Every structure is written in C-alpha cells, then in structure tokens.
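What follows are several structures.
Note that chain A is present in both complexes that follow, paired respectively with chain B and with chain C.
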Partner chain A sequence: MTDLENRPDSGVVRHEPEEPIADPGLPPHELRPTDVDEKAERRAERQVAGMFLLSAVFTVLFCVSYFVFAIGDDPTMVLGLGASNVALGFCLGMALLLIGVGAIQWARKLMGDEEIVEMRHPARSSDEDREEAVASLTEGVEQSGIGRRPLIRNTLLLSTGLLGVPAIIALRDLGPLPGDKLYHTVWRKWMRVVQDVTGTPIKPEDLQVGQLVNAQPDVFYRPFNPKDSDGDDLTAAQAEARGEEPLEVPEGVELQQEKAKAATIVVRMEPSDITPSKGREDWGIDGILAYSKICTHVGCPISLWEQQTHHLLCPCHQSTFDLADNGKVIFGPANRALPQLPLMVDPDGYLVAQSDYTEPVGPSFWERG
Partner chain B sequence: MRLLSQTTRRLAGGLSRHRRRKLAGPAVLLIALMLTGGLFALFSPAQAETKKANDADDVAAGRALFLVGCSSCHGANGEGIATKRGNNYGPPLVGVGAAAVDFQVGTGRMPLAGPTVQAPRKKVSYTKEEIQQLGAYVQSLGPGPAVPESEEYDPNEGDVSRGGAIFRTNCTACHNFAGAGGALPGGKYAPKLTDVSSKHIFEALLTGPQQMPVFSNDVLTPADKRDVISYLRQNDDAPKYGGFSMGTLGPVSEGMFAWLVGIGVLVGFAVWIAAHTARAKKAVKGGQQ
Partner chain C sequence: MSEAVTTNGSKAARSQKPSKVAGVADWADSRLGLAGAMKKNIRKVFPDHWSFMLGEIALWSFVVLLLTGVFLTLWFKPSMGETTYSGSYEPLNGIEVSEAYASSLHISFDVRAGLLMRQMHHWAAMLFIAAMLVHMMRVYFTGAFRKPRELNWVIGVLLLVLGTLEGFTGYSLPDDLLSGTGIRAANGFVAAIPVVGTYVNFFLFGGEFPGDSIIPRLYTIHVLLIPGLLLALIAAHMLLLVYHKHTQWPGPGRTNDNVVGFPMLPVYAAKAGGFFFIVFGVTALMGAFLSINPIWRYGPYNPAEVTAGSQPDWYMGWPDGALRIMPGWESHFWGVTLSWNVFIPIILLPTLAIGILMALPFVESWITGDKRDHHLLQRPRDAPTRTGVMVALMTFYGLFWIAGGNDIIAITFGLSINAITHFLRVAVFVGPVIAFIITKRWCISLQRQDNEKLLHGYETGIIMRDASGGYSERHQPLPVDEAYAISARERDQIFQIESSTDENGVEAPGSRAEKVRARLSQAWYGTNVQKPTAAELEEAHHHAEEHDHESDSELAGIASERHEVDPPVRKELPPSD
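Showing the complex of A and B:
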C-alpha cells in the first residue's frame, strides 16, 4: 500500500484493521485575542512596527558611532572597554535582533494560524516518465554512434583521461621534496648553546640546580667560524685549506625554519638523580642536560618543566617526558623519547654541542615510520 | 659679552667681600670639621661594627622566629627533614637565600597550613621586619640570592617589547600568554602573575619556588628580568579594547561562554517561537468564521 492509498480521501478501501487508538484528528481551531479583539490587534501591530522602527534607529546609531568614537592609539573608552567596539557591536546586534523578534511577534499575533494538514507525496516518477527518459537516452546513444565509431570513442577517452595529468604535475608547486632536511638541524660540534631572544652564551657555573634555559644555537646571533680539533677558531687560510666556510646568520624564512628545528631546552638537575642510558654518560656536564624543545608527538614547543619531578609536560596533548631518564615518555600520546643534544665545554668555558642531534627532532614522518 | 664680564666681576667681588667678614674663618673651620667627621663616621670601623651588630641582631631574631614557625618542617637548623621514603618533608634551606624567604613568606605561601601538592598563596603571617629577620637568618645558613634592590625590578625602567619576547619564550608555556596562570600535572598549577608584586616576580625568577625552574642572574640577567616585569605591568595596564577578556584563558572560557550563554539564549528563543500563544474564549469577531 502506498502513502497515496493511505490518504483519508483516496477512496481506497482499507484492508488494515482499525487502529487501536483512533486518530483524534486536529483539535478545533481556537482564536487568539488578536483575532477577536480589534484593540489587541492594533496593539500587536504597533508592537511589531515599533520593533522594526527601533531596529532602524539602531542601524542609524551604528553609522553614527562608526564616525563618532575614536579608535587607534588613543581610543574612546567606556567601562574599560573600547567604546567603538562596544557601540558598533551593540547597535548592529540590536538592529538584527529587533527585526527577528518583530517578525516572530508578527507571526505569533497577527499572521493567520489555521492548522493545515499537508500530505506527503511519493518520490518515484510515474512509469510513463521513466520509460520516456530511458527511450530518449537510448536514442541519443544510437544517434551519436559512439558504439559504432571506436576511433572517436578512444581518442575522446584519451583526451579526457590525460586531463588528470596537469593536476598531478601541479602538485610539484607544493615545493621540492624535503630530502634529508628532516634528519638534520643547524647544530654542530663546537657550536655554543645560547639563551633564546637575548643570545647570552652560558657557562656551566651560571646554571643552578633546578634551572631551565630556553636555548638556541649561537649561529642565530653570530656567524659560526670553523674550529680546529681543540675548539679554537681556525684562521681564514686554515679554514680554506680544510675546505670549510664560516656559517652566516640565517635570515627570514630560513631563520624561522632552522629555529623551529634547533630549539633546545637546557636543564640542570642533581647529577645523582640522572640515569643516563648506555653511551650517553658523557652527554651532560655536572647534571646539565640539553633536549630538543619540539614534542615528538605533533611538534609543539615544550618547556613546562617541573624542577622537582624533572617532568616535562607538553601543553598540547599532555605528553610527559622524564628528563632525568633520557627524555623517556612517561605519559601521553608521544611515541618517542625526546632527542637529547650531547653537550661539552669549549676552551673559553662555554657550553657547546658535541654534535648535531643524533636522531631527527620533532614528530614522526613517513620515511621514519 | 660685556654683560657676562660685568656679572663675573660682581660675583667675585661679592665673594671676596664675604671672605673678609669676621665670621668667615670660623664658618670655614666648622664646615671642614663636619666634612671630616662625616667621612670618618662613614668609613670608621665602629660604624661597620654597628652594622654587623644589627645584622647579628636580625639573625638572632630571625632564628627565634624560625624555631617557632618553621623548624617543625625545615629542621631546627634549616637542614631539612627527610621522610622515610627519602622525600622532603621540608626541604633544607641552606643556600636558598633571603630572596627565597622574602618570596615564600612575603606571599603567604609559607608557613604552609598543611601538606599539599603545592603551597597556595594566602594571607601573609609575618610583618615586613620579621620577614627581613627570617631572611637574614636563612642567609646566614649559607650564601644564596639576596633580596633585590628596588631599582632592579622598577617596571618603569625596562624595555617592554624585549620583555615580551623573553616572556613569550620562557614563561608563557606555564603562565599563559597574558600571565593568567595554568594547570600542571597532578593538581599543581602555575599561579597567575597579574596581582603579584614586581619584587616577588623577580624573586621567583631568581629562586625557582616549588616546581618553577630557576632563571639565575647569570643567564637571565637582572636587566632581562626587569624587562619581563615591565612587560607584565604594561599588560596589566593595557586597556581591554577588544571587550571582556574572560580571564584571558583562551578557548576554555570563551567556549564555555558560547555554550552556556550563547546556546542558552538561542534555546530560549526557540521555546518562545514554539510556545502556544494565548487563546481567546470570546465570540468570533464580526460574526464570521
């Protein structure tokens, strides 16, 4: 039985048993005070019109306050807030709100509110329409002769198929492949560890137990000269003989990218609290250790270090690393220990790196698994 | 030019006239005596001894206060008390310095009301003088950072924009971008910085209270610290031009406002739209229908 046949007026004889509870149908229509009382009707009319008028007033006030209130360095203030923002927001908000409220009041009080039943119609097209559509499609295929002319069909397939190639070629604009960039940072042997922002080089005796330094490599502040095996600067001639060039301070996008990878935190703990894993015994100096600042989960910068528990917490997804235990993950979604930067002291007594990070910093990527 | 030479001549004349007066000799003598005496008083060993004696008095008074208020956790000589498991019941205070005392006691964190994961800020229990005496005693246990001088943390002297850069690199991770504080694991938290005095911010950086790391003067220099303080004070005074900041907690408080107030108001409108209007029991207007 279709919905059509279920209509009370369809004339089809019902075969189903009587419903257990009879359909009570629509209740009798009741009139509103505005339907019977002319005074009430006029009052409602005035209310609606009043709201629309008030809305217009607020729109005008919006335009006025746009020009009246000062913005910029010395803004007009009201209640400690910017007067321009407050007035613009309030006026536009009220203008829109009053149109909406007026419309609802209009519908509730004045528009006709007779209850109406509208039956649902079947979604299927009639059989004639369906046959006609199939017939015209078949005729079209027949007349185009696409089945009889394979040359045209195949060349068309070729030309449309090839259109996918430009889309793939354009992917190259996403930039060159990363190569081995993700495996290296700007850190290298003898490069000084300096405080971020100020560029202050750090001596081990400057650090107290419980100290944290947000550090960056010195090359972001001063050019890095090639060093000999004792950590002393090479002269220009010696450097040339060895085929090494001084590293210039990176600028612009390059600086930002290198900073994002090379960011490091230096902490000092009681040496007795630290349990270095095999091969890392000489990576610190008297309890001073350096770790990558980039979380191995999705790469947020982390420096929420609790000096008493030695835990480093990532604010994004609560990954927690134990810096006294080789940066081991002790909680959260991160999958890898925080990479550690091996430290030593240069001839002038400043903290320097022994090498670059020994593993890629930051989150996992495709080739790394 | 002529005017200038005239004035100099007149001035010189005036001086020499006074010099010849009867009282001039004794006056010069008196001034010389006072100067010598003053200088002597400044550099004399007696004065130094008085200062030392004052310090000793402070240490003695501080020790008396310490024994009453602090020794139950920190030990009778500030040596700390360890628990059976090897944790600190009260940490040793040797070498923490007067700055740590001034911060912990001056913000009411110490004395601790009971063992908690973190000492909360509360009403200060000691007077300024008593705090100074306690500091002198703790300083005498072993050298540590002293209470900073007021010019070291004067927010009017610092570089606000440089302080902002330092703050965003070193402090925002825990204390929020506007210094509104934030949560740490295990019920601990980084307190808000908006109503902390400049001196206490300087001392906290210097001594690293509780879970906060130390930012020693050798790395984050006093000038760097003053810049940070200037930035924070500037932030406090900045007008809320964009509207209510809702605690500057970011999406947490803003999302809560949108869910509770924004959606609440929309639900109210929906209820109003769908509600039955009042119905009349009166007869039909004009007799139709």
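Showing the complex of A and C:
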C-alpha cells in the first residue's frame, strides 16, 4: 500500500523535499492607533459605550411601541405591514444590532489583538492509551464471558432484537388500513353536480361553450335521497323497503376527505371538438363533460383552463390535460389521464352523475394496478 | 510588545486581593472540578477568516429559531378542528377555518409582536438553511472535510437534511392554502413509495388525506423531535470542532502543527457573541420590514382550491424542479403501479444526493490514498478536481432549482414552458459535466499563474529596455509572506500500485480495485500543476538576475531569509498547553 499515513511516532508528516520557500515565521505584531494613541483609545471607548447606550434606548423604545401601537387596526400601513410590527421590529433589531456591533468594535479596537499560537495534537490517542483501552475492553469482555457462553449471547440477542417489534406494532393505531377507500368517492348515480361554494345545481343550458365550472357533489350541501330507476326521489317507505337510506351531509374531517377526492370540474366545449374514447360516447351532455379536479401527478387541485385549446393546466408542476381528448396528459410529469365523471340529466333537467368515477382519482399508488 | 501599550495588553491586570471571580470559580470548581478542562479552553485559539463566519450564521440563526419558535408555541394551536374565525383581520371574519389557521391569524393580528416573531421565525429558517448550504460549500472547497474531520462533515450533512425537514414541517403548520397544498403534494410523494406507500400514508395522516391528525403530528415533529436531534447534532458538531481545533489558512508561521489566532476569551467570545446579536438583529429588521408568508392573503386550506404559481420555500425548490421536468413515466405490472415520475425525482434523487454528499470525503481519500491529518486549508484552485466536482454539483442543483421556477421563467421571459423543460432535461446531465471541465481547467490555469508569480514575480507593467535593445516587462518578486503563503501547499502524490503481482506472477488479491484506484488518482491529480522546487526557483531567480539586475536585492531577500530563519519561528514558541 502506498496510502499516505501519519506516522504515529512523529506526529504529522508534511516535510517535503525541496520546499521552495521556507516559513518566514509569524509577521511581527503591529500596533493599532488605539494601542499607541490615548485619544484614539478613548474615542473607541466612547464609541463602544455609545452603541451600548443607544441599544438601551432602542429597548426602551421597543417597550413604548408595544403599548403605543395598536395592532390589527391597519395591518398594511407601512410597507404592507402594520405600524406595530414595523416599530417593534425596528427597535428590537436596532437594540440587538448595536450590542453586536459594539462588542465587535470593542474586540477589534480595544482588546488585545496579538495572535497566539497553540500546538495541535493528532486526533488519535497515543499507542499506550490505545493498548490500555483495548486491554481493558478485552478484560471486561473476557470477564463477562460473552464469548464463552454462546447460549446467553444468542438468547440476549434474540430478546433485545425482538424488542424492535413492539416498537413498530405499537404504531399500528396511527391510522386505519387503506381498505378500498382510495377506490371510491362520494359520487353515485343520480347525484347532482352542483357549483362549488354556492351549491347551486347546474342545468346544461346554464353553461356556455368554453365555460368551466368548479363543481362538487350535491351531498356536500344537502342529504342525498335514494332514487328510483327514473331518478325520482323514493318515499321513506319505499326506501326502507329497498333497504336504502338517505346519505347525510358529511361534516368536519369527513367533508374534507370527501372533498379532496370528489372535487370535479365541468366544462362545455363544442361537441364537434370532442373525441370520446370507446365507451365514453354518452358520458357528456351536448359537449358538457366532467373530470376530476385532482391532478393525477401528486394531487394538486387543477385550476388553469385554456378554452381555445381545451387544455387544463395544473399549477403545481404544469401537467397539462386535454379535456377534449378524454383528459389525456399532453405535457408534464403526470402519467395518467384525468378520470372522467360520466354525466346525464335528471328528470328536473339538472346535471347528475351516471355513477361514481370509474377509476381511483388523484395520485397513483402501488396497489392501484 | 511595545512600551507604548497602555490598557490594551493581552495580560489581565492582577489585583492583589482575591477577586470575586476567583471566589465564584472556587465555589464552582469545588463542586464541578472543571478547572482542568477550562484552563485549556478559556484561551483556546480560533483562527480568523471571513468564511469561518458562515457556520456561525447557521448556529446563531438556529438560536433565533429556538427563541422565536418557543414564543409562537405559546399561542399556536396545532389542531385541524374547525372553528369560526373572529379576530382583527376583517376579511376572514365568520369563515370556517381550522384552529391552526385561526391561531396563526391570531398570532399575526391580535398578539403584539406576534407577526414580528412569525416573520422572524420564517426569515431565520431561510437564513439557517442558506447559511448551512454555503458553509458546506466553503468546507468542501477548502478541503476542511479531510481527515480527521470526516465525521463532522457527515454530521453537517445530517444537519442540512434535518434543517430542511424542519423547515418543511414548519411551513405546513399554519394550514393556509399554500401549506395545505404542500402537505397534499407530500401525500402524493409518499403514495409513490413502492409496496408500503399507501399504508405509510394512512398511518401518517391517520386515514385518508387530509384527516385531522397530520398537523398535530407535524407539530410534535417540528417542535420536539427534530429540534432535539438538531440540538444534539449541533452540540456534537461543536465539540468535534473544539477537539480538532479549527483549520487555518497556510501562511507565515501557520503550519499544519499549530493554530494561530485570537484566544476564546476575550476576543473570540466578543466577536462571536457580538455576531449573535448581529444575526438576531438582522432577522428582527427583516421581520420588521419584509413581509413573508402572509397566510391571511392565501386563505385557509381547502382541498378543492389552489393558487396559481404554487411555490414551496426556496430550499424545497430543487426537488420540486426535478419533479417538474421528470417525464411522466409510470409502470404497471403484476397488478401494481410504480410511479417513476414521482419516485425518482422526489424519493430517489434526494436520497442519492444525501448519500453522495456524505460520501465525498471518503471517496476522495480513497482515490488519493491520502490518510494524513490535514489542518491547513487549500485554496480551491489547488484542488482542481475537487473544486470541479463541487461546481458540477452546484450546477446540478442550480439547474433543478431553475426548473422549480419554470412557470415563472416562462411567463417572465415569454418562453414556452415545453422548450424550457426539454432544454433542462438535457441540461441537468450535460451542464454539470461542462461546469466540471471548465472549473478544473480554470483552476489549473490559476495554479500556473501562481507558479509564474513565484518564479518570475508579478508584472509591474513597466517596460524595460535592456542593453541589447530588447524590450521586456519588469517583474517584481512577491513579498516573502505572500510567496510563502502561495507555496505552502503539498505536492500532490498520485496513488501508485507497488506491485500488482507477487514473485510468482500471481495477481495479488484486490489488485483490480487498486488499479482502478491508481487510474482514478491519476485522473484526480494528473493534470495539476505542482509548485516549483527549490532548485527551479533558484534557477528562475538566477535567470531573472541576469535579465534584470534591478530586482537583485529583493530576490536575495527571499533567498537569504530562507537560510536565516532558523530555528523556524513556531519552534520558538512553547506549546500553549
């Protein structure tokens, strides 16, 4: 081996042959004006003390500002920030800065400025120390008998190793198992497609060509009654006879979770521009189509609609989907087309879903297949 | 020391009666017995250089984070439970929001100095991570990671990773539209982990996204787990620093065996302590005047909404960029899905980057075979390959970072986002290679210039006419201190295999690896310019003497000092401990 090593006995080796220039040694110490001129020295002293004093003044001003400026009244008064914020921050900042600058000035001008030299020692211990350490270790290990008693050693390894299992098992209740949750949303047959925020149901004639509407399932706004095969509400007795119950409006966490999957966009395009793939010919109404709003990349809600090109752009990583062509990806890191929600019209003339989404919405996951 | 020195002596004035300090010291030492350790460390020497401040910025901004963070915890409610906002910020009054968001608004508009602390906390977080990054580059460029400091390098990389995670978890806490979008994306990232991704997500989020557990859990991670780890690692980082003693730049009297600088007490303590107040003060001024993360403008998180131009904090920009320019690959086989388009850029690439960073010191010392202790810093030009490697990594990082803003660039410069993406897909591979080659050559040419200066002095710009009528530019020899500082570097020694076969002509075991190593070592050092030998210097000066009599005296200066300096100055000084 020709590794370059430290030689343990001589410390660090770096004396190379034929150094072109020998070490001239530390340059002589040079005196500062404050070392030789008493006036300069006193001036520096006053400077430092002045800064410390000014810092104290700013601290007092901080306390005054705290009580003088109301916050929340006009949060954009100064540079888009509240007066309280600016005053407090400025005073605190100056109070701190002045201490800092003062201390450094003190060190530079008035404290002894002679550099001192300390010798280094190799990080490694001396050979004797190493030998002693190894000897102690060997002796200790020897006395424990761990080498001679494999039965004890192995059972100990087993028992301590096994302790890792409870540590993992105990985390089991962090959350439920996925089950089939990722495969379904709250959408179902006859559920109205309503405007997000207002909850207004949508009639096809409400939409102009080129228009995009953010939509949600009706059940986020009112309970969803079971329907008969024509889309009319079942009476309570009929529903009970069929074993169906109204779907309640989800609340709190559940609402958020359902929203994160069910968010939908409805667009109207020229029917002639649309090229539905096989089986999707009757998923739209007069050029009105509905797609999942959740990007198939990592799940941002998609928002930017270019009506001329029928492109929908995700603001997170710019995946672009062609809504006239089955939501296919035409650019960006997403792989899968946006899932499409099959639409139809209910007896009252409102847009409703034909079914749930036919594939999981949102980002891909391992089990998705 | 001159007699003129009045009050600034480096020796403390001795008072006759026992001082209060001595009293306290006696009390403490009788119980703690710390004098032994203190006597070595109170006057411990720290060398000075502006670049040594970068790590300090990171350290002090961490302290600012601790202080401001604790302030925030006094009001922040890490809950996703719903509440109706009612507070000083009118536009959101009466709106259903999470407790986390409402309490962040409360801190911003109803707690005096609350917004200041929030903004200081966020600015300090940016400063913390930026300072760590630049500090790491300084350590690498100057070779300060070499033996015996490799472990401190590894700790440093861990700090960078944990700091980034800490920033991400903090960014997620206020539950505004941007932070929620970040968590949403994180949920998608985890989903891309093969086999276990879905389960990890359900356990992490306590069920389906968003659930009501993620913010309380991130909160525990943010205020307890990661700060604890950071604190422990920073402590280890500092302890090792003190144990190894700081590296220093070579120069007259500054060798590999000593450390020259100011003592801890008083000079370094005053400078470093003062610097803490400066970092703290600067963050306060930033908090005062520069708005950051105005969550009230983003609105509360809503899983069906997003703002255009969603952008994470800058330190998450490079993985975000990788995510953006990755082609949309996904495999479907045996009934499962593997999302390369997410897994590669966001899981694999950062893991790889961390691994590469950690391995850098070990790879270098394996290639060069250099296992010696190094306490002298190298100028980047004196390690052309290493410098090239870091510049290549920086280019890689920078290009991904640019990719993270591809939409902004497209809009600002009116370019097509497709074109930018296609360009960057190629550039992230080609760019670093070009950067490496240019940097390495540049370093080598700088080395050559150094040798020129050593051999022929620097160019004065004065044109001389010699006896035979020819013209030449007059060169002045360098001052000896400067010349020494340039020449005080090791000659590179290319790793060589002693013999790959034994007497019987049988290949020695492991000699394949050794051959690779020798070849890499050749590539690492082979084209470097070595400093001149004493003989070459003599020869050059001799030549110059003939050429230009004027510089005689100066040259003799160097030559004579070389012989006169004995014993070397550092040997005159007794070891200080």
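What we mean here is this: the second predicted complex is superposed on the first by the 316 of 369 C-alpha atoms of A that agree within 3 Å, B and C clash if a C-alpha of one lies under 4 Å from a C-alpha of the other, contacts with A are read in each partner's own complex, and residues count from 1 in each chain.
Just so it is clear, a contact is a pair of C-beta atoms (placed from the backbone, for glycine too) under 8 Å apart; a residue touches a chain by one contact, two chains touch by 3 or more.
Keep in mind it's a predicted model, so treat the numbers as computed, not measured.
Student: Could you tell me if A:237 is touching chain B, chain C, both of them or neither one (first, second, both, neither)?
Tutor: Neither partner.
Student: Which holds for A:366: it touches chain B only (first), chain C only (second), both, or neither?
Tutor: second
Student: Quick check for you: in the superposed arrangement, does A:86 touch first (chain B), second (chain C), both or neither?
Tutor: Both chain B and chain C are touched by A:86.
Student: Which of the two partners, first being chain B and second being chain C, lies in contact with A:335: first, second, both, or neither?
Tutor: After superposition on chain A, A:335 lies in contact with chain C alone.
Student: Applying the document's definition of touch, where does A:257 land relative to chain B and chain C: first, second, both, or neither?
Tutor: second
Student: Determine, for the superposed model, which of the two partners chain B and chain C contacts more residues of chain A.
Tutor: The larger set of chain A residues in touch belongs to C.
Student: Based on the superposed arrangement, let me know which partner A:158 touches: chain B (first), chain C (second), both, or neither?
Tutor: In the superposition, A:158 contacts neither chain B nor chain C.
Student: For A:267 in the superposed arrangement: first (chain B), second (chain C), both or neither?
Tutor: first
Student: Thinking of the overlay built on chain A, is A:122 touched by chain B (first), by chain C (second), by both, or by neither?
Tutor: After superposing on A, A:122 lies in contact with chain C but is clear of chain B.
Student: Identify the partner contact of A:38: answer first if only chain B is touched, second if only chain C is, both if each is, neither if none is.
Tutor: A:38 sits against chain B and chain C alike.
Student: On chain A, which stretch or stretches are contacted by chain B in one complex as well as by chain C in the other?
Tutor: Common to the two interfaces on chain A: residues 31, 35-36, 38, 75, 80-82, 85-86, 89, 104, 108, 113, 196, 214, 301-304, 315, 318, 331.
Student: List the residues on chain A that touch chain B in their complex, please.
Tutor: Residues 30-33, 35-38, 75, 77, 80-82, 85-86, 89, 104, 108-109, 113, 195-198, 200, 202-203, 205-214, 267, 301-309, 311, 313, 315, 318, 320, 331 of chain A touch chain B in their complex.
Student: So in the complex, the part of chain A that touches chain C is made up of which residues?
Tutor: Chain A reaches chain C through residues 1-6, 11-14, 16-27, 29, 31, 34-36, 38, 41, 66, 69, 71-73, 75, 79-82, 84-90, 92-104, 106-108, 110-120, 122-124, 171, 174-178, 181-182, 196, 214, 216, 252-253, 256-257, 259-261, 263, 293, 297-304, 315-319, 329, 331-336, 362-369.
Student: Flag every residue of chain B that touches chain A in the complex, lowest number first.
Tutor: Answer in residue numbers: 162, 165-166, 169-170, 173-174, 182, 184-185, 188, 208, 210-216, 218-221, 224, 239-244, 269, 272-273, 277-280, 282-285, 289.
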